[in-house]
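Structure incoming, see below.
For reference, chains read A, B and C in written order, and residue numbers begin at 1 within each chain.
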Amino acid sequence: MQRFEFLGRFARNRGAFVGACLILLVALMAAFASVFFPTDPLRIVGLPELWPGEDPEFPLGTDSLGRDILSMIVHGARATLLIGLFASAVATIIGVGVGAIAGFFGGWVDEVAMRAAELFQTIPNLIFVLTIVVILGSTLTNIVIAIGIVSWTPIARMTRAEFLSLRDREFVQACRSMGMSDFRIIVSEILPNALPPVIVLSSLVVAGAILFESAVSFLGLGDPNVASWGRLVGDGRQLIRSSWYICAIPGIAIMITVLCLNLVGDGLNDALNPKLRDR
Amino acid sequence: MSGSALPLEIVDLRTTLFTRRGEMKAVDGLSLTVAAGETVALVGESGCGKSLSALSIMRLLPDPPARIVGGQVKLNGRDIVPLPEEAMLGIRGKEIGMIFQDPLSSLNPVATVEKQIVEVLMTHTELGRGQARVRAHELLELVGMPDAARRLDAYPHQLSGGMCQRVIIAMAIACSPSVLIADEPTTALDVTVQAQVLALLKKLQADAGMAMIFITHDLGVVAETADRVVVMYAGRKVEEASVDDLFENPLHPYTVGLIGATPTPGAERAERLADIPGMVPPLNALPQGCAFAPRCPRVMDRCLTQKPALTAPAPGRLVACFAAERT
Amino acid sequence: MAGELVSPTPALRGSARRTAALRLLRRRLIQAVPLMLGVVIINFCLIQMAPGSFLELMTAENQVSDPTTIALLRKTYGLDDPVWMQLLKYIWALLHFDFGFSYRQNMPVIQAIWIHLPATVLLMVSSIALAISIGVAAGVVASMKVRTFWDSLVSVAAMFFYAAPSFWLGIMMIVLFSVKLGWLPVGGMMKIGGNGGVLDILHHLILPTLALGLFYAAIYTRVMRSSMLEVAQLDFVRTARAKGLSRNKVTIHHVLRNALLPVVTILGVQMGTVLAGSVVIESVFSWPGVGSLLFDSVSSRNYPVVLGIMVLGSLVVIAANIAVDLIYMWLDPRIEIR
């Protein structure tokens, strides 16, 4: 019943609804990329620098080498979305872990955890990611972990706040008096109650992670085997005088995806806290 | 006062809330007069329309949803309901002063006491900044602020609730208004401080001959402050009487209930809780007849279908109740 | 709550507020020490985790083979010592601003970073100034015209700039304003052969500032709008109206300053990301700041410079945060020093 109400509130939010639909579309595109475009997107298939609409075979045109931009966008969606999702997952795991322990135990544990969060907020995030990537190598795994490491602090703060407000409730005290272990109380009693707002925040972290990855790839420091949207923007940069669309199109793809993720996140937020709407 | 006009005369004031769930008559035909130097208490439970009446007089209703749909508010003989907003700017703070319920939150937390008092003076008088500062100091002394000179530089969070209320009173009387509206001015204060603030208000009123509307749900406070009492229920006036008459011989069953629910000093908690059963009905679901009928101990068949009009059972008294008419 | 009997703290004013500010400064500086230590330790861990020897790392791609240099480095960083001793020696070296030597620039790392720092700080300051002025103005307008066309326009614009990657926005602005319209320069900080006249630099500053600043402007707009709406509901706003102040006067004199507080808070939180964002923007506009240096060093695997930038970048963020704290204190008298 409650769940229906929640979905109803979410669906009434037009922006969030449209955003969710578009995200679904992008996700489908990513999932079935090789069905729509079975050939390697990085293969040269036509004349170079064809403008969008110039040749009906390539609706979004071709790049400087004559590769199909639409095919590259569709295939790039997979890399971009996966990196965003995994990086957000890393951030959520670290953030929930740190935040839960800090909020549950309090005292010096809390103090140390919050200092650590402050530390990671102090180090300029992208510089940290670049440093990790350049020292440990620009593999997909390193990039995902690095983005996760710089994105966990807001999640930790929120989880901590939820735990602080939940840890003294009756049901937790009941579990304590029953002799349940701290670990079990955290994982099976408090966490499920603390999770909804944290998940909303994670959806916003996905958007941030996509922006991050696109910046790393744009600078040419991404995984050389992955053609994410950011890299496509970077590749097109040399030709802005003659064919600026090569740059523009993948950027628009990034923008729409991030915009939709933000809309969904905001919508979820509103649906979770109906009182805060219109603020 | 100018000529024979009363400082404040409200005639058939109607304020309606326009909401998605329909129109609600929050103030439904309120009439009252306040003479110079007189205090009229506006009494009722929360949600009965007291505060909206006050905001209607100030023309500070939250719009949307609230709007004045009819009636007159005559300030020294001039109806201010049709006045444009610019004209109201010259009336608020100058001709009508207002005091609020929660003193700490009613002051800007990031401005000094001096700045907030000087602001009223500079808005309505010709005083320069320096003169306004001197005047602000005088006003603080006038409202009995201890160590006034030093408090000028204080921020609200550095003052106690009582001191904050003194600052607000100083701002309200800064331009010697002819009407003072006090909306539950002592509700948020400690009992000892309450008494001090009430005494201060009485003294200031007597000295300046202000007309005062005193809004409260606490009849104990009414007995100490008011000359006349207007009891409101669900947006309507249900009884009006001098304070002595009202306490000696309340006519409306609602007034009787309110007096019964008033804690008398020394009484045990269990004794005084002759609470009125039930709650104020929501304004969009008022009964067809008398709004108080569902809670009334003396309800009759007639009360359920007809709204009782105000009648005058004795000189200077008004009541809107079929049962009271018969006795 | 002893009513009138309370003797509240005397008003802070003039010298009293100055001492309070100094106390805040001192406390923040003390808190900065463990933070910086943390940054250095993270740095050290990265070096330890790196494939290849420390020596290879610190001499970067230049394959220094001069035995005296290598011996000197071995001694400075204590490469023959246990790990914890190495860490102490590393910290000791950093305390003396010894970040190593950059063979690529042929100067100490600290000097290489130092000469690039002003350009970055200029870009950061101008972007933040732009973001705050646009954000505050747009947020105030949207809140005063809430649920009108203007409110929607502001919200939609904020949504877009919040989602647009800054580097892409920068490139698109180059396409429009430099390539198509020819109004503004494509990149760099001054005309080639220019002597760095103020107007010339400002001319080159416009596009990078917009590209970096508009993202933050979008954030501040959203925060400012909701904060204005929230403050407008508070009791003291009604008091101000009851004094006879006009709606606009109340908004400017009473609501605005209170509504600014959350904006200042997130400004502090975001200092690090602003600095990081300037790395990308500098690369787009060939802005000769720390970001360009970092990009160059990352591409050439010049590790000492990369690590040095991380440490000094964190230092800049800490300093900026302290400045933000002081501004907050100035805006909100309720902040008392514990």
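FYI, contacts are C-beta pairs under 8 Å (C-beta built on N, C-alpha and C of every residue); 3 or more make two chains touch, one makes a residue touch a chain.
Fair warning: this is a prediction, and the values are worked out from it, not measured in the lab.
> Based on which chains touch which, give the shortest step count from subunit A to subunit B.
2
> As a test of understanding: of all chains, whose mean C-alpha position lies farthest from that of subunit C?
Ranked by distance of C-alpha centres from subunit C, the top chain is B.
> When the contacting C-beta pairs are counted for A-C and for B-C, which pair yields the higher total?
Between B-C and A-C, contacts are more numerous in A-C.
> Find the most central chain, measuring centrality by the gap between its CA centroid and the centroid of all protein CA atoms shown.
C
> Mind checking the centre-to-centre distance between subunit A and subunit B? Centres are C-alpha means, answer in whole Å.
Distance between chain centres: 55 Å.
> Can you work out the whole-Å distance between the CA centroids of subunit A and subunit C?
23
> As a quick test, compute the distance in whole Å between the mean CA positions of subunit B and subunit C.
Distance between chain centres, rounded to whole Å: 52 Å.
> Quick one: in the complex, what on subunit C touches subunit A?
Result: residues 34-35, 38-39, 42, 46-47, 49-51, 57, 159-160, 162-169, 171-172, 174-175, 179, 226, 229-230, 269, 272-273, 275-277, 279-280, 283-284, 294-295, 298-299, 301, 303, 306-307, 309-310, 313-314, 317-318, 321 of subunit C touch subunit A.
> Along subunit A, where are the residues that touch subunit C in the complex?
Spelled out, the residues of subunit A in touch with subunit C are 115-116, 118-119, 121-128, 130-132, 134-137, 207, 211, 214-215, 218-221, 230, 233, 237, 240-241, 244, 247-248, 251, 254-256, 258-259, 262-263, 278-279.
> If we count contacts the way the header does, which residues on subunit C are in touch with subunit B in the complex?
Residue list for subunit C touching subunit B: 1-4, 6, 8-11, 13, 234-236, 238-246, 253-254, 257-258, 331-334.
> In their shared complex, at which residues does subunit B touch subunit C?
Where subunit B meets subunit C, its residues are 58, 60, 85-86, 88-94, 97-98, 100, 102, 105-112, 119-120, 123-124, 146, 150-151, 153-155, 157-163, 168, 171-172, 189-190, 192-193, 196.
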